[in-house]
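As written, the chain order gives the labels A, B and C, with residue 1 at the start of each chain.
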């Protein structure tokens, strides 16, 4: 009888810790936001939020320092748009090929290959981009440096593609077989079925794939820092060096004084990034849920 | 008040799933050592009733029960642990569902969960319960092989042995032969007739002839209500309710 | 246009796109292997860096990464697996479980550099662990939590419902059912998630920038409160911060890092496909 009670106690402890672990994941999200706020908020005692978000110059170590992140936001935006323009069409096309056309064997191999691409550390991709793509772009366009927004976009496109391909592929595979059979039965070719029926039915999932791919690009740090040239000025074109939000944090945190305004400004950039990715992921999740239904 | 002959007493018992009423105002007694069969068309509440007897109904998230069910005069909700109840009231499901472990481990699963470690006791339990379910001779030489390798009929008898190992009082069978061929079905039915000497058997079946063959008393369920309950022979010759007669003679169902 | 011909053209375009996704993997691997292999030697892998990293080996970076990854897994695996058990086995579809799921989605989406900021704020500063292996491991651990929770969840959900019903019907308690009838069958999937998490933690740089990484530290860490070098950060440093490092040393470092990460991922892929093939239910 006593052992039964001991077992009950043990199970009670285990079940409570399981509940607690579930709660922890929520706590971590809150904690991340809380600590970003805690460290970043002091910036807004001397600086208005408007000046921070829309200020045109980022001179964190001049005297007086200027903490306007508009150049960084535009830098992130430019690189992201470029990466999306490359990776979305290619990624969706590859997903259609893998899900609908490739024979089973090839399909498994391709999926494994894409998983491996996703696994390559961003610092390795940045390294390769810096050392091979950079000089190539420099020579191609005959410009002073190959480390530009375009280099960043191309590099990041490769990092977004695994996300886009694998999530879009899931969405396409999830389209019920009856849709395809009905279309084929009415005399449509395989391509017409794929394009007109399957791709349309999988649209919410594909949108989610695109959103998550973009989320990955915006959050990417090391690769982008290594290939974009890091000039914190408002960009006017793709063939210029730019500086993104993430790269700014990574590059400057080491030099900032803890508790100082520069330090706080970098955390404030973290808040901006957190909110952007929170929104992107929330929306993507909504699309995913819709596509599952 | 409590009649020792009554294994189960069901009083004013109701089950709801969300807003759907699955079982309404059920009152009946199940006697010790009888084969009590429950018949009725699909969605009549038979399986809900069976799952209520060992509280597997609790696993359906939206289910709500009211009224009471007594086992040997004790309320199965207020009066005992759910684990104890399920040990006393074993169930065999419609499909043979062995766990993906060896034959031996399937049989002793319940005992192991009670904390029994003594290998001699486990061995004895395996032999006894496999003999009781007429599977021993077929599997005694391969107890350590995966249960999934057995045929459907053998798997179903293994599932019976699995509950017998825990020395239960009551055996619940939920259409246990619905997935089996006639020969395996006949073997299961023979087994039921022998098992009832030791245990109380509640058999839910959608096969009217099966109820006639093995049942002592039979209840007819329709759309969540018990239409009538009586001696099986009486129900099949002179049903009290015309709907019972219509169902038995195959006018609907 | 003739539908047959447009189909041919469309398929060719899709094939081309797929090649554009997959070929770079091959090209990147080929370049790194071709240019880095000459740097790999016993001395490179197992000795200390010398002369400001321009000579000697990368042992402290390799060991540092192993420590960090180990620490992250020790922290994240129990927490992640238990959270997955909560979601699959205990919570019905209520508000709490939806909140947890939303939290996981967002944890997965938080940029790695923001994890770095968080680690700096909470572990380095607030808890006072300083820049140390402990701070870095915890930061990486929280970062890989969503990977572990998601794959453990999938593994648990793939265990058929009737295993639970049968186990409960035989008088097992809820936890016994999970422990004996669910977890053993979900284990390969959980392991896969663990290995994927390992790979992710091994390759990330941004979260360890401010929480642990030492620029140049030619000795081995003595305790979890020590700073440490780490492979991805080391690659970053020698390719951007220190001029005059021989090219094959850079490529060699990239090769070591890539080999480590890809081997882990390959192991996960193999484990998963074998698990799927072996499944009997």
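As a working rule, a residue touches a chain if its C-beta (ideal position, glycine included) is under 8 Å from a C-beta of that chain, and two chains touch if they have at least 3 such contacts.
Computed from a prediction, not measured in an experiment: that's the story for all the values here.
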#### Entry: Pair of chains whose C-beta contact count is the highest in the structure
A-C
### Query
Whose Cα centre is nearest the centre of all Cα atoms in view?
C
### Query
CA centre of subunit B versus CA centre of subunit C: separation in Å?
49
## Note on the structure
subunit A to subunit C, mean C-alpha position gap in Å, rounds to 16
#### Entry: CA centroid of subunit A to CA centroid of subunit B, Å
55
### Query
Listing for subunit C: what residues touch at least two other chains?
173, 176
### Query
Can you list the residues of subunit B that touch 2 or more other chains?
none
### Query
Taking each residue of subunit A in turn, which ones touch at least two of the other chains?
7
### Task
Could you please specify the touching residues of subunit A with respect to subunit C in the complex?
7, 11, 14-15, 17-26, 28-29, 31-32, 35-36, 38-39, 89-91, 93-94, 96-98, 101-102, 108, 110, 112-117, 119-128, 130-132, 158, 161-162, 165, 189-192, 195, 212, 215, 218-222, 226, 246, 249-250, 253-254, 258, 266-267, 270, 273-274, 277-278, 280-282, 285
### Query
What residues on subunit C touch subunit A, complex-wise?
3-4, 6-7, 10-11, 13-15, 17-18, 20-22, 24-25, 28, 31-32, 78-80, 82-83, 85-87, 89-91, 96-97, 99-100, 102-118, 120-122, 125-126, 142, 145-146, 149, 173-176, 199-200, 202-206, 209-210, 232-233, 235-236, 239-240, 250, 254, 257-258, 261-262, 264-266, 269, 273
#### Entry: Complex contacts: residues of subunit C adjacent to subunit B
92-93, 162-173, 176, 180-181, 185, 280-281
### Query
Hey, which residues of subunit B end up touching subunit C in the complex?
54, 56, 59, 61, 83-84, 86-87, 90-91, 93, 95, 97, 99-100, 109-110, 112-114, 146, 148, 162-163, 166
